[in-house]
Amino acid sequence: MRVEEHIQQYLDQEDEKMAYLAKAIWDHPEIALQETFAANLLADEMAQAGFTVERGVGQLPTAFVASWGSGKPIIGILGEYDALPGLSQQITTEIAAIQQGGPGHGCGHNLFGVASLGAALALKEVMIAQNLPGTIRFYGCPAEETLVGKTFMAQAGVFDDLDAALAWHPGDTNGVWYGSSLAMNSFKVNFYGVAAHGAAAPHLGRSALDGCMLMDVGVNYLREHIIQEARIHSVITSGGQAPNVVPAFAQIWYFVRAPNRAQVEEIYARVLDIAKGAALMSGTTYDIDFVTGCYEVLPNRVISDLMYEKMQSLSPLTFTAQEIAFASQLQKSFPAGSLEYSYALLEKSTSGGYSKADLANPLWRQVLPHAPTPLVMPGSTEVGDVSQITPTAQLTTCCWPFGTPAHSWQITACSGSAIGFKGMLFAAKALALTALDLMTKPEVLRAAQAEFATSTAGRKYLSPLPAGTVPH
Amino acid sequence: MRVEEHIQQYLDQEDEKMAYLAKAIWDHPEIALQETFAANLLADEMAQAGFTVERGVGQLPTAFVASWGSGKPIIGILGEYDALPGLSQQITTEIAAIQQGGPGHGCGHNLFGVASLGAALALKEVMIAQNLPGTIRFYGCPAEETLVGKTFMAQAGVFDDLDAALAWHPGDTNGVWYGSSLAMNSFKVNFYGVAAHGAAAPHLGRSALDGCMLMDVGVNYLREHIIQEARIHSVITSGGQAPNVVPAFAQIWYFVRAPNRAQVEEIYARVLDIAKGAALMSGTTYDIDFVTGCYEVLPNRVISDLMYEKMQSLSPLTFTAQEIAFASQLQKSFPAGSLEYSYALLEKSTSGGYSKADLANPLWRQVLPHAPTPLVMPGSTEVGDVSQITPTAQLTTCCWPFGTPAHSWQITACSGSAIGFKGMLFAAKALALTALDLMTKPEVLRAAQAEFATSTAGRKYLSPLPAGTVPH
Amino acid sequence: MRVEEHIQQYLDQEDEKMAYLAKAIWDHPEIALQETFAANLLADEMAQAGFTVERGVGQLPTAFVASWGSGKPIIGILGEYDALPGLSQQITTEIAAIQQGGPGHGCGHNLFGVASLGAALALKEVMIAQNLPGTIRFYGCPAEETLVGKTFMAQAGVFDDLDAALAWHPGDTNGVWYGSSLAMNSFKVNFYGVAAHGAAAPHLGRSALDGCMLMDVGVNYLREHIIQEARIHSVITSGGQAPNVVPAFAQIWYFVRAPNRAQVEEIYARVLDIAKGAALMSGTTYDIDFVTGCYEVLPNRVISDLMYEKMQSLSPLTFTAQEIAFASQLQKSFPAGSLEYSYALLEKSTSGGYSKADLANPLWRQVLPHAPTPLVMPGSTEVGDVSQITPTAQLTTCCWPFGTPAHSWQITACSGSAIGFKGMLFAAKALALTALDLMTKPEVLRAAQAEFATSTAGRKYLSPLPAGTVPH
Amino acid sequence: MRVEEHIQQYLDQEDEKMAYLAKAIWDHPEIALQETFAANLLADEMAQAGFTVERGVGQLPTAFVASWGSGKPIIGILGEYDALPGLSQQITTEIAAIQQGGPGHGCGHNLFGVASLGAALALKEVMIAQNLPGTIRFYGCPAEETLVGKTFMAQAGVFDDLDAALAWHPGDTNGVWYGSSLAMNSFKVNFYGVAAHGAAAPHLGRSALDGCMLMDVGVNYLREHIIQEARIHSVITSGGQAPNVVPAFAQIWYFVRAPNRAQVEEIYARVLDIAKGAALMSGTTYDIDFVTGCYEVLPNRVISDLMYEKMQSLSPLTFTAQEIAFASQLQKSFPAGSLEYSYALLEKSTSGGYSKADLANPLWRQVLPHAPTPLVMPGSTEVGDVSQITPTAQLTTCCWPFGTPAHSWQITACSGSAIGFKGMLFAAKALALTALDLMTKPEVLRAAQAEFATSTAGRKYLSPLPAGTVPH
C-alpha cells in the first residue's frame, strides 16, 4: 500500500471519531477566548495519541501546541474551534435557534479544528509506519473570529521554528485559497471627560462623547488622504448615559486595514494623531485599548500548487440525494443575489473549469484550480501572521451549499450535519497528503522556502501587538 | 379651635400614618412608569377616605386623580412617587446599597406623594367640619424623573378645570420656590441605513451611525445661531455593533431646552431639519421617537406670597441632637464645594435673612423669603405644564442636610428617616393651609387668576406632545 | 467770566477751524493704519498750539501723543480719525459714492478726532488763563475700526501716568455711555499642508483646508462648553485655489469675545488647543497670526455722572429746518426696524426722560440720563484697554438722525455736514468741561480713582498682545 | 510618389508656416474662453485654404469647425490653443517670465492646434490629388484647461456625424495614448444665509459659511461609502468677509470624478443631497453653479493600433546637439523624482522596448508601443466626450525633455522653441497618415466603428451639462 493510500485509509477509519469530535464541539459552542471545552477535547485527544501538548501558550488559556516526532522538518497544521455569538441554530432548513441568542458554529470552526487534528494524526501514523524523521505539530488556535488567537501565539514565538504551515477553512467549493487579505489593527479609543449638568453647567463639562465625535470627523477627513485600498471603520460602543449629563466617558472602536502591514502601521499612527487631536479639541484625555492586529496573508505558490495537486488526486466528494435536497432547500433561504455574488468571487479567485450550469448541484464536488494572481480578500485573518513567519498555504472544501452567506445560521446548520463532516474529512486528507510531501520531498520544501525568502525579502516578523497587550 | 389649628392638629395626629406610607413606598422603590405599588397604596388610601378615584389617567396606568367635594373652587394638590435607578441605599451615613444597583428614593418622592395626600385629607377634614363648598383634588403623578407624568396627564385634560394647583418638593431649606425652569423636548432620533461589510463593500453600505454623527455636527453648528439661554444636549444610545459592519441602525437622544416653550418649538423645528439634513447626507432614513416635553414653570406671585405667609405661621421644624448628628455626618460625604454651591443658589433665590453662620446647623429650620424676581432654574419639570393651565405655586421643606447633592444616595438615606418625615409633615401643613385660603378667600383666588391671565396673555395650553405619542 | 464760559466761548470761536479740520479729514478718508494725512494734520495743529508731540508711538506711524503743561494731574483725551473701506459717500440723502468702492467716514471718526483736539486746546486756553497746574494730553489714536490702535499704544505704556481719560463717539443721541463691552482677541490661523494632485495622488497631499475645516468643527463643539455670554466667530480668508490641487495653504480668521479679559484668555487657550488638534488631525502645521486684542470697558461711575452734569449744563444743540429736513429724508433710507431697534437700545442704556413722541424730531437735542447699571454692549472697543489703566468715561452726541445704522453711508453723509459739526462742537465743550473739573477738583478725581481701585481690585493691566506682535 | 510620401512632403514644406503659427499663438498666450487671437488666426488660415468655417459653435465665441470635401466618411481632427495663467516664460533654461504673472503655453496647446491644422491641410492636399471622396474636419477647441470647450461643442452636436476623430497632445515621448481617464463634474455650490452681527445677534444670523462647512463634512463622510476609485475634491472660493459678520454668502467648488460617467452621475446626485442637507442644517438656501463635466475617454484599439503603425512608418525625430543640451539643462531644473515618476508611468502605459539607459538622451526619438490594457489616467479631459460619440484615438510626440512636469514653465519654454516645433511636425504627419487610412480603407473604419459599437453597447451620448448651462 502506498503511503498516500495509507493516509486516506486511516482517515476513512477515523471518520466516525472525527465526526463525533466535531459534533461535540458543535454541541458546546463557545465564543472567542472561552473555548475551554473544545480546547480540552482536542488537546486531550492529541495527548492520548502520544503528542506532547503545551497548553495556554501566547497568554491564551485555550491555545495549545501538540507536537509529535523530532528534528527537521517541522510541519505545522493549524486548527480553530471558536463559535460566533447569536448564531445558535438547529440542523434544519429553517431558522430555529437551539438557544435563543446563544452562540453557534456559524463559521464551521468545529470542523476546522477536527480536520486539522485528523491530518496530524494521520501523518503520525504514516511517519511511524515509514519511519520518517521530522516533527508534526498541531496548533490549537482559539479566538479567530476576533483575530486574537494566532497573533498572540505568533508573538510568543510558537511558529518560529516551523518549516511550513498548512491550514484550511470550510467553504462552499473545493480548492486552494491562493490569495492575500488585509492587514489590520483593531483598537478602542476611550475618552475621559468631566461630567456636568447639561443645562445648568455645560461650560464646566468636558464631553468624552465630543472626543469620539471629533475623532470620527477627523478620521473621515483622513479618508481622502490615504491609499484608496485602505479601510477604516468604526462603531461607538459607549456614547453617554442620558442627555442631561455631559458624558464623562465614551468609547469608539476602530478597525484600520490596508493591503500590507506597513500601510496599516502608517495609517494607524495618523489615526492616533487624530485621537490626540480630538482630545485636545474637546478638553478630554484618552487612552488606547489595543485589541489585536494582524498581517496580510503572504500566499505561497509552491505549496499552493502542491495542495491543488493533492486535492485533485483524492476521490471526489459525494453527497446523498437527501443531503443535496437539504442543501437546495437551504439555498432558498439565502438573501437575493447570494449565488451571483459567490459566483463572481469564484471567477476572480480561480482559473475556470466550470460554468453556471454547475450551480444546478448546490454542493460542489469538483476541485477548482486557483487563479495565478493572488486575489486580495477584503477581510482579515491572523493566518496572515503565520504566513509571514513560515511558508503557509490554505485550502477550502465544500461543507455547505454554494452561495451560503458568511457567518450565518445556515452555516451552523450544515456544520453540524453530514455535509460538513464530509467536507471535513476531505480537507483532512488533502492536508495530510500535502504535509507528507513537505515532510518527504526536501526539494519541494526548499522551493517553498526560497519563494518565501524572496517574498519577505529578509524582513523579520514583528508582532503587531504593542508591548504589554493582553488578549481580551 | 381655629380652622388653621384644626388642620395642624389633624396632620399631627396623622403623622404616624403618613410616615408609615412614606416608608412603605421607600421600601418598594419603583422607577418611572412602574410605580404600581406606590400608586395603588396612595389611591387606595384616598378611596378609603371617601375620595372618588380615577386611575390610569393620561394613558398612564400609575397615574390617578382623587377628588372630594363638589363645585367651585377646585384646588389641586400634586403628588409624586417614582424612584431613581441605581440609588438603592440603607439609612446610614455611609454609602451602602440595600440592593446593589437597584432603585432608590434618591429624590425623596416617597415623601412628596404622602405630604400632598396628607394635605388633601386634612382639607377634606376641615371642609366637612366647616361645611365648606368646593372640590379638593389629589393628583397621583408618576414618572416625574423622566418628565413624562404630568405632561401626559395635562394632555388628557385632568388639570383643565382647576382653580389653582399646589405642589412642593423635599429639599434642604424651607421656603417657597418662586422661580421658573426651562421648557424642554426629549426625543430620540433613529437612523436606518444599509448594512454592508466594512472592508469588502463599504460603498454599498449606508451608515446609520453616520446619520447620528452628521446630525450631531449639524447641531453643534446650530449652537452659534440660537439664543444663548437655550440648551441642546445628547448621547448616542446605539452606535453600531462591530466595526466590520456598516451600522444599519443607530440612535441619538436629544434634549432641547429654552426659557420658554415657543423657543423650544422653534429650535426643535430646526433640529428636525438637521435630522433631515443628516439623513440626506448619509443616504439613510430616520424617524423621531418623541419621549416627552414640557413647559417652563410660570410662577404665581399671589399664591407664592400666600404660601410663604402660611409657612411662617407654622411652628418651625425641630430636629433631635441625633438627627443633627446624622445630618452632620452625612455632610462629610458630600463632594467638595457642595455647601458653597447651595449657598450661592440660596442667595439668588431668596431675599436674605440668613448668614453663613446659619450653616452651623446642617438642618434648616428657618423659613426663607423668596426673591422678588423669579430665578430660572437651569433644569426642567412638568410642573411647568400644570402651571401653564392653572395658577400654581410650589414650596420646599428641609428633608435633608444643607448642600445635599441632587439625586444622591444621601437623599435616599434621609428620605427613609425621621428627618425626611418631619419635612414631609411640615410641607403637608403648609400645603393644606394655603389650599384652605384659596378655598375660602375668593379675593385671593381671583388675584391669583388675574395674575395668571396677565402672565399667559390669553394663550391656551397646547400639549407639547405630538399626536399619537405614547408614554414610554 | 467764569472759566466754564471761557471754555465754551473759546470753542465757539474755534468752531470754524474745527469744522475745517473735520471736513479736511472727511475729504481724505484713510483706513486703519494708513491715516497719514489725518494724523499729520492733527499732530501739526497741536504742535503749532505749543503742545509737545511724540509721533509714531506704539509701533504705529500714525499714532501720536500731544502734551501741554506739567505735573499732576494728567488728564488724557482720546481722538480717532480712521475711515472705513467701501463707505465713500457724498453729502446727499441718496446713496452716491464719491469714489466707487472707496473709503469713507462711515463711523464719524473725522469728528471724533477734532472734537477731542478742540477740548484739549480749550483746556490749555483756560489753564493758561487760570494759571492751573497739571498736564493735558491729546492722544491721536489710529486704527480703531480694526481694534489695533489703543491696544498697541497701551502696550507701549503711553496711558500709564494718566489720572483719568475721556473719550466720546458721534451718535444719534446725547448722553454718557456708561456701559461695558466685550473683551476680545482677533487672530488668524494659517495652516500649511502639502500640495498634491487631487485625483492622482490625494494620499500624498495634506490639506491645509482640512486643517481649517476641522478646526472650525472643533470650535463649534466647544460652544456647548463655554459660558453662554462668550462669542466665537470666524471666516475663511483663504480656502485653496482650484479643486484639483490639495491646498497647501489655508487661513481662517477668528474673533473670540467674552464679558471679561480672563474669560477671553481662557477660551482663547482652548481655541489654540483646537488649532493644534486640527493640525494633528490633518497632518498639517499651523501658526497664529495674532492681529489684536482688547479688554472690556470698565465704566467709571464718578466721571460718568460728572460728564452728564456737564452735558446738561450746556446750551442744547439746535438744528436748522433744513438740517432737520435732511435728517428726516435720510431716515427714509434706513432699513425697516432701525428706529425701533435704536429705541429699544435707548431704553436699556438710559433711565428714561423721553417718549416715542420725541422721535418726531430726527435730530436729538435732549441730554439723556444714563442707566445706573452698566449695559454690556455686544461689541468690542480698545477704549476698554485705556479704561483698565486709568479711570475713563465716554459720552456721545447727536451727529446724525436717530436710528442711523452703524457703519453706513448715511453716517458718512452726516459726518461731512453741519449736523455732524454741531454734534462735534457740543462734544468738545462737554469733554473740556469734564476735564476741567478733573483738573481742578481733586476730590472728584480721588473719588474716580477710588472707584477704579475698587473695580480693578489691584489688578495691573497686562497687554493682550503676545510678545512680538506687530500692528497690521 | 505614394500618397503617404505626398503627405509627408507637403508637411515638410509647410514646416515654416506651421512654426510661424505656433510661435504667433505662443507670443499671444490667451487663457480659456479668451482665445480670440488664436481662434481667429487658425480659423482664418483654414478659410483661406478653402475650408468652410463655422465660428462660435457650442455657445463658445472661440470655438469653430472648419470643413472641406463632402460626403462620407467624415474624419475629425481636434485642435486646442488655450494657454495657462501664471506660466509666462522666456525660451530659456531658467525660470524667467516674459510678463510677470501672465499666461503662458505651459501645456503646449500652441503646438496642439497647429499640428492638427497641418494634418487637415495635408489631407485636403492629397484628397484633391487623389480625387478622394469624403470630408475632413478641423475642430478648433477652446478652453481645454477648464474642461469646458469640447463638452459644450459636443452638446451642440458638432461631432455627431463624424466617422472617427483624431487628437494628440505634446509630450515627452512618442506613441499612442491608448488609455482612459476619469469622468468628471465641476460645480460650485453657492450658499445664501442671513447676515447678522456676530457678537450682538448671532441667533438672528444664518451662516452661509456654515452651509459650506457642513456640506464638506458631509462629503467627507460620503467618502467611505463610494467606490474607492472615485475622487471628490474641493476648495472654498468665498468664505465670508470679516469675523464680526455672520456670512450671508459663501461658495465651495467641487470636482467629482470616477472611472465612468454613470458613477459620476450617481455620486454627484448624492453630493447634491449633501448640499441640500447642509442647507437644511444651516437654515440657508443654495444653488448650483454647474461649471462643466466630461466623460471618461473611451479608447479605440483599432485606430490606436493603426496610429502606432503610422508613427513607426515615419522617419524618426532628430534633434540637434544644441537642442539636446538645452533639454539636458532644463532637466536639471525639474523637481527631484520627476524622471523616475515619468519612467514609472511609461512602464504602465507601454509594452516595453526601452530601458533606463535610453534616458541618457533627454529628448525621446523612439516610438513606443502602447500597453494592451488601457491605463486609467487619474485626471480628466473632454476628449472623453468626443470619444463617446465617435471612435477616437490620440497620440503624443516628444515636444520637451523626458520627465518635464505638467503645467510648467519648462513646457512654456519648449513649446516656443524648435524642439516643440519638431514634435508638432511629427504629430501632424502621424495624424494625417492615420486619417488617410480611415478615409480610404473602409474595412479599417468599419472595424473601428464595430469596436466602438461594442464598447458603448448602443448607449447614446447624453451631455453631462444640465439644461441651460452657459460656458464660463
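Going by the order they are written in, the chains are A, B, C and D; count residues from 1 in each one.
Here is the rule we go by: a contact is a pair of C-beta atoms (placed from the backbone, for glycine too) under 8 Å apart; a residue touches a chain by one contact, two chains touch by 3 or more.
Because the structure is predicted, anything quoted here is derived from the model rather than measured.
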{"item": "Contact-richer chain pair [A-D vs B-D]", "value": "B-D"}
{"item": "Farthest chain relative to chain A (centres taken as mean CA coordinates)", "value": "C"}
{"item": "Centroid spacing, where centroids are CA-atom means, of chain A and chain B in whole angstrom", "value": "55"}
{"item": "Separation of chain A from chain D, taking each centre as the mean of its C-alpha atoms, in whole Å", "value": "49"}
{"item": "Chain B and chain D, separation of their C-alpha mean positions in angstrom", "value": "71"}
{"item": "Sequence positions of chain A contacting 2 or more other chains", "value": "202, 213, 217, 221, 224, 228, 233, 246"}
{"item": "Complex contacts: residues of chain B adjacent to chain D", "value": "202-203, 205-207, 210, 213-214, 217-218, 221-222, 224-228, 246, 270, 273-274, 276-283"}
{"item": "Touch list for chain C against partner chain B, complex", "value": "217, 220-221, 223-224, 228-229, 232-233"}
{"item": "Chain B to chain A touching residues, read off their complex", "value": "182, 186, 197-202, 209, 212-213, 216-217, 231, 233-237, 239-244, 246-247, 250, 252-255, 257, 378-380"}
